[in-house]
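All chains are identified by letter, namely A, B, C and D, in their written order; residue positions are counted from 1 within each chain.
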């Protein structure tokens, strides 16, 4: 997407501090593998405790990683002192989430003062057998998200701020 | 919704057997609390390891529970020997997922030979203070899902069956 | 849904005035057939100029009617002097849009100061042959929408208010 | 996306023949402006009869164009003798649909034997004032769609094939 300009010069620190507080990311074993204005990639290893009935990664695990990638992509462009919350997302599950590691790449499509729209792609990576070949990379899901930017001090009673 | 007629008389056993294999549900501490033709409710306690940055349940945890509720609601109406996989879902996050327990109620909207559409509501329940009052119940998310029904024997290479 | 309380006592007039300005509704031949706090039903006759390749109503026509039904359902609860715009919607197309008339029933799921979430069901109605039987009514689509409430005076440069 | 290989050598003729039958496209004044394997762009001029309450193009008009662009993108890769129907789509409305002309660019993300997933971007184009400057182009919406491929002879009783 565009070369976005962050309004918070300390955006990278803000993202890392918030990511550390997301216990779900620690539970999944996720890490930030790319962090730039409007762009955040998160990676997590396959682990059997997040499976569905066939042993694939559960769609909810895929969605967790993609939702956080989009949320932090939006957060890179948010002003200091704000928080970002998803108000909705939609995921298309393109292939079974089978692999050694999953990478969710979140990108800002349109930043806004109130609402930001992001898209994520989730890849399953499998360590390849042959010496010459690199890891196989398969697109397993796409997500579009709407996120709301809020003053941190505001009442935490919601995304939707009733 | 309608009083649906299951085609598999052993649908309840089929759902319970599949649910036991979903390690993600065990990880979340989820249990089946309602199981009827076209209707499945799943409940899970709040647990701090699935949080987002403010300590609320992560949207991905909410989505995991709702996705499985919709999947099993669809599965109650599927023929014996088939499996059900989500091809997409969309979730609206209406309020922060704060509570003692979350209940996702999945319902079939339209069953089909190939595709089934379901809707889920997710409630956050909080044990109330007063003796007389029951638990407070707050609608925190709604989800719509499309699921594909496949022969169990078929190649597991996908929802989308490339 | 709940018995919502409108904040604008003249909500019905506000909806009717806005509806008259939506030229798309006039083009489709749509009319308001129900108008209550948080609830708006719109109906439009089948017309061959809005078809897809098989002669069914185009998914875009179905979406137009449902989007406006949800928008006006949200608008019934908005303060005087505001406008409501959709920021996103998702539609599941359950059956071909075949019938004599289409009715979209929009309902508020959660109203908010900034964002409101609505759901719509779209029915295809067909005049039945027999004297005793009423019109057949078939659910052809469901839609979930997020809408933003804005001051009317504000810069019209967007939903997303960049 | 990838360089897809069509299975129907006459895919372009098949798309054009179907497009001619979509009366909604004629009503909007839409034309095919790009047609390649997995890629279809449709353009339509602004016209006041498809407006919402502020005179912008109605979200349903934007959705109609994007839905058809995605449908025909999927159709370029479908076998001869089949038809393609949308089973669901989700649209994010990023900016008001203001402009002289709208262009929806539909792209296949993942083709499948049964289901195909596409994404579209919709741009509003405005003829610029200055001699040197070309038309301004603004991204106003993104859409993700799931489409089902069916034998043409099959019972038309559905997308969802009950």
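Keep in mind that, in the parts below, a contact is a pair of C-beta atoms (placed from the backbone, for glycine too) under 8 Å apart; a residue touches a chain by one contact, two chains touch by 3 or more.
Note that the coordinates shown come from a computational prediction; the quantities given were computed from them, not determined experimentally.
Report back the single chain whose CA centre is most distant from the CA centre of subunit B.
D
Tell me which has more C-beta contacts between its two chains, A-D or A-B.
Of A-D and A-B, more C-beta pairs in contact link A-B.
Using Cα averages as centroids, what's the distance between subunit A and subunit B in whole Å?
22
Express in whole angstrom the distance between the two chain centres, defined as the mean CA positions of subunit A and subunit D.
28
Subunit C: which residues touch two or more other chains?
As it turns out, subunit C has residues touching two or more other chains at 87-88, 90, 92, 94-95, 110, 117, 144, 146, 158-160, 162.
Please output the residues of subunit B touching subunit A within their complex, sorted ascending.
18-19, 21-24, 26-27, 48-55, 58-61, 63-65, 67-68, 83, 85-96, 156-160, 162
Applying the document's contact rule, which stretches of subunit D touch subunit A when the two form their complex?
90, 92, 94-95, 109-110, 117, 119, 139, 142, 144, 146
Which of the residues in subunit A come into contact with subunit C in the complex?
Per the touch definition, subunit A meets subunit C at residues 87-88, 90, 110-117, 146, 148, 158-162.
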